[in-house]
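Once you scroll down, you'll see the structures, which are given as structure tokens.
After this come two complexes, each holding chain A, first together with chain B and then together with chain C.
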Partner chain A sequence: MSAIRLSPAAAILRHGVLVLTSAFILVPFVWMVSLSLKSPGEIFRATFSVLPAQFYGVDNYAKAITSVPLPGYMGNGLLVCALILAAQILVCAPAAYALAKLKFWGRDFIFAMVLVGLLLPHQVLSLPLFILCYKLGILNTYLALVIPYVVSPFGIFLFRQFFRKIPDDIVHAARLDGLTELAIVWKIMVPMALPAVIAFSIFSVVAHWNDLFWPLIAVRDGHLMPAPLGIMAFKNEEAGNDYGPLMAASTLVVAPLLIAFLAAQKWFVEGMTGGSVK
Partner chain B sequence: MSGIAIRNIRKSFGATRVLHDVSLSIADGEFLTLLGPSGCGKSTLLRILAGLEVQDTGSIEIGGRVVDGIRPKRRDVAMVFQSYALYPHMSVAANIALPLRMRRLSRAQRLPLIGRWLPGSGPVISGIEMEVSRTAEALGIAHLLNRRPGQLSGGQRQRVAVGRAMVRHPAVFLMDEPLSNLDAKLRVQMRAEIKDLHRRLGVTFVYVTHDQAEAMTLSDRVVVMRDGEILQVAPPQEIYADPNDMRVAEFLGSPKINMVDATMREPGLVDLAGSALPVACEIAPGSKFTVGIRPEAFQFAEHPGPGVITGSVRMVEHMGSDLFVYFDPCGLEHPLIARLSAERAPHIVAGQTLHVSVRPDQLLVFNRDGRRVRARDVSRTNPSTPVREWA
Partner chain C sequence: MSASLPAVSRLAQPAEGAAAKLSSRVSLPRRHSFYEAMWGWALIAPALVFLVVLFFLPVIGVFVIAFSDWQFGASSLSFVGLANFREVIFDEGFRASLINTVVYVVMVVPGTVLAGLLIALLIESSHSCRALYRAVHFLPFMATATAMAISWEALLHPTIGLVNHSLAALGLPVANWLRDETTVLPVLAVIGIWQNLGYAMVLFMAGLKSIPLDLYDAADVDGADHWLDRLRTVTIPMLGPVSMFVVIVVALRAFETFDTVQILTQGGPGHSSEMLLYTIYRESFEYLRAGYGAAVAIVFLAIVVALTLLQARSMDKRVHYQ
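Let's look at the complex of A and B:
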């Protein structure tokens, strides 16, 4: 790729637009971090400053961690996200391989169904899923948080697009080398589609780490709650107006995602654009 | 031991018929080339042999065993692909070792990290490592074992692909245009190495190519395919000098064979390009047919005379030892190409008049359907046309 040289005016305009839009997205986060460092009195002052006049961060963060079991909530979130991701990859990779590389009757129809699944918002399914979990007797367990997300149409779609780009000859060579179809999936296809796997992992973890809706329905026990639900509990307990610790808790919940994304940014971009550019 | 019998194979992809009733038998240890333009079905036939495609009808036998419905890995065949099909995320050593690991180690022993420490796997793994390094040694890639395929040149990748195929000592080697991604110089070198490999291993090779030079230099026998059919199966010399079919004659040889419409004047004498040439064919007088003349079959003649074709020179290409002379005999739309020795015909220039003679036994006569009409009693024991060097 060669960079296109812009005239200074165009460059300024372009960067201006980029700065404005990113500021628009970043402001709430900056505000959140800023509030998490301020004293209760300063939070409700009429004037706004990014930096606190009086540094109250230690108190807010200490309160966020101690007054509710926030580390426990985050541990729940981690466990649930890990289980969901592992199960999703376990299901999506073989399904995507079959849709990308095997010929069988009804393949295109099944892929069309996957696309339909991609269009359905998860909330539409919440009632049937709730009933299903109830019948299975797994409501208010970790399983109830994991099971509804095990099959990800998005994951199947993303992996399939990536697997399709892998030449058939590689699959043929693997068959001649004695690999079974499942071995081809795990030893050849998944490692070759690593950017897609990482991109999908980020999507999946972000979505389920931040998910509030389904956990709200599926679990009631405090010790099962993932982080966002925990924050809500925290807010209720603290009678609503102690915003400093609340913002501190929110910051703590968002931080792992931010760090993970920055660490995996390179693969993330490749995974998202790889299908379209190459 | 590992000959191949192909019986009445048919294959269609949807409405397109790719192979029509192909039968062929390949001797143990033979180097057989499937030659033809792209889309002639040669690669499909190879994939059916490997078990990667399933034929619609017909049967394949490898080493006396019918292999229809047997999975590729149980067929004891190895394949080298045009794209090499190396695993990009594995080192060269891991690429070559994979077929052995899949065959010799149990599922548990293949597990990463712990597999190595399971009972019994140690000696097997070190045995595999030894064979991998021996194979790499033989192919001159021992210093590359820790690299990834992406870090190798085309020729090196090609060797790795060959290494992965030969490491498990298959009974049959299948090669699908293995040289076509290499540059011209490397191709000639790898061609010699493949020939050498065949001599050393002594197993059956089935080699697919569209490059006639590869087919002619490597093969014991060449199978010329066109539109899903086998046109001719013969050793390289014979397929060049004695083609069965107009399409075979046209596909082989560079520059291309001259095809001239001709009429039988009287038994044994044919009207061709404005002169009367003797032929030894049983064709009724007055009937029309086509005569093929290889460019090197023309001999420079000093004077016009009986059996001599005369035309004006359109263009001369100097090729060093030879001249390619394009000349227009009277009554022909297209020029004929003659390949003349530079020593015998040194001073030919465009615009001059050229006389060339042809020996009767070097006229290849084809009927209206493109089938060869053979001489009645011209002995076939001396296909005297010299086969030129194939560079």
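Let's look at the complex of A and C:
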């Protein structure tokens, strides 16, 4: 495709269509930021503009941070994402190494289990997981937000694919060097499969930062809520009328991922498409 | 890589000596395979335990709940066969939910796939602003759906929303988009397309890159030098397998829509925007009807598994193809 040189008319048409679709994509973002800078009076006025007539941003953002515990919600989200990711890598990398490089009885059966796990949407399991968390007495704690995700079949699958590409000679050499199998996982395999680890990390953090379904079930306390659940609670409390601070809160929740994405686009695209895009 | 390679030459000799000593007592291959098996089990044990506890037992649990009269807090249960499924199937709410979900998916998938394909083709047809366009269109796919739903609600607000303002300014009829039974599902579908078209786009862009340039040269020689001919004779046929994959992946994502329903409509007005995942959540955790919720979850699981298996088959085809 890239070899084509477009005629001027075609080039204009290309930009015309893409500017239009870009506008469609960007409107909700622009509107969110725009409302977050406006005063209540201006939001409810019949006329409108993108830029605020009177800059009200400081008040809205201050309210989103102080009267709503938004920093707390975002801190919860960060903590939960970090705990989930750390647990997933700790659990999945050794398992993937065993599946990729070691021969043992039952290996193929366990790999089949991983593939079946890939099939299962987490939401279907939510009722038994809720009961499990209840029995463990961890409902309404950070643990309830983390425990269901400590193993990721996708993580095991992805790491196994990458580990298999690492030559066996390197594993043999490391063994002769006196490394235990566990040391081989952390000192050889994981560093060599770093692209997979980064892609998986992005996938995991994006999924759990944005997740609403499970936190809605697992926690009720305001001070435990991750960001999406927190802004949902804020919206319900305000009955959706205090748009300025609500939009400021939404902007603050969306911003970290978008900034990270713009800084590392290639990694995000790879991570979010599950390595199917190279 | 660089750290581990010198180790091969450095340690090859002493290790051979050690191996020779060992082999006098136990044959090396057997001892080694035992060592390897022990490590294999040790390394996989945590993952295996969690897989069983967090995936396989819960799946069995869903089936047990769906086929029994178990309720929250009950200490015993008895199996009631298909009673929960019978209740679900004859329930107007569930049927509305299932139909809405299918209608929603049928609107989102073609919209997303065609928009994604068109945008991918346009972006890849020239170098100018390529990275910018790609980044912009991918944004909604990672933006927190809850937060963006709140922004959509403001856009669609009947009196102060940009959508109605713009329509009124153009002299077109306005609507209360999220409170009107006839508009709510199409509006949710537009938001679904908005969220996913960037995903379809990057998958298609990867597909476009994998088309060998020789094919375009060959088409050129055969007289297909107009861009439309190239599209028809090379690009579209070569994207066939990728398209199948994109359709199923987007369908899977559309079936799993929850956040926009929860934030924007809560299934209303009436049942007109209720979708399967929202039904599972509300019946299980708000109405505490465990048997009902589990039965719907199994219907949902069946759909998702069927689609995923289709996807696996289409991936296989793609591999054979190359």
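Keep in mind that, in the parts below, the second predicted complex is superposed on the first by the 220 of 278 C-alpha atoms of A that agree within 3 Å, B and C clash if a C-alpha of one lies under 4 Å from a C-alpha of the other, contacts with A are read in each partner's own complex, and residues count from 1 in each chain.
Please note the rule applied: a contact is a pair of C-beta atoms (placed from the backbone, for glycine too) under 8 Å apart; a residue touches a chain by one contact, two chains touch by 3 or more.
A quick note: this is a predicted structure, and the numbers were derived from the prediction, not measured.
Judged by the touch definition given at the top, the superposed model places A:D169 against both chain B and chain C.
After overlaying the two complexes on the shared chain, residue contacts for A:A227 are found with chain C alone; chain B is out of touch.
Of the two partner chains placed around the shared chain by superposition, chain B and chain C are both touched by A:D177. Once the two complexes are overlaid on the shared chain, A:L70 sits clear of chain B and of chain C alike.
In the superposition on chain A, A:I188 makes contact with both chain B and chain C. For chain A, the partner with contacts to more residues, out of chain B and chain C, is C. Of the two partner chains, neither chain B nor chain C is touched by A:A196. Of the two partner chains, chain C is the only one touched by A:L35; chain B is not.
In the three-chain superposition model, chain A touches both chain B and chain C at residues 169-170, 172-174, 176-178, 188, 192.
On the side of chain A, the complex with chain B involves touching residues 167, 169-170, 172-179, 183, 188, 191-192, 194.
Across the complex, chain C meets chain A through its residues 1, 4-5, 7-8, 10-12, 15, 33, 36-44, 46-48, 50-51, 53-59, 61-62, 65, 115, 118-119, 121-129, 131, 133-148, 150-155, 159-160, 162, 165, 194, 197-199, 202-203, 205-206, 208, 211, 213, 216, 227, 230, 235, 245, 256, 258-259, 262-263, 277, 280-281, 284-285, 290, 293-294, 297-298, 300-301, 304-305, 308-309.
Residue ranges of chain A in contact with chain C, taken from their complex: 1-4, 6, 10-11, 14-15, 17-18, 21-22, 24-29, 31-32, 35, 43-44, 48, 90-92, 94-95, 97-99, 102-107, 110, 113-114, 116-121, 123-132, 147-148, 150-151, 153, 156, 169-170, 172-174, 176-178, 180-182, 185, 188, 192, 206, 209-210, 212-213, 216-217, 227-229, 231-232, 235, 240, 243, 246-247, 249-251, 253-254, 257-258, 261-262, 265, 268-269, 272-273, 276-278.
For chain B in complex with chain A, the residues that touch the partner chain are 47, 50-52, 71-73, 77-79, 81-83, 85-89, 98-99, 102-103, 164.
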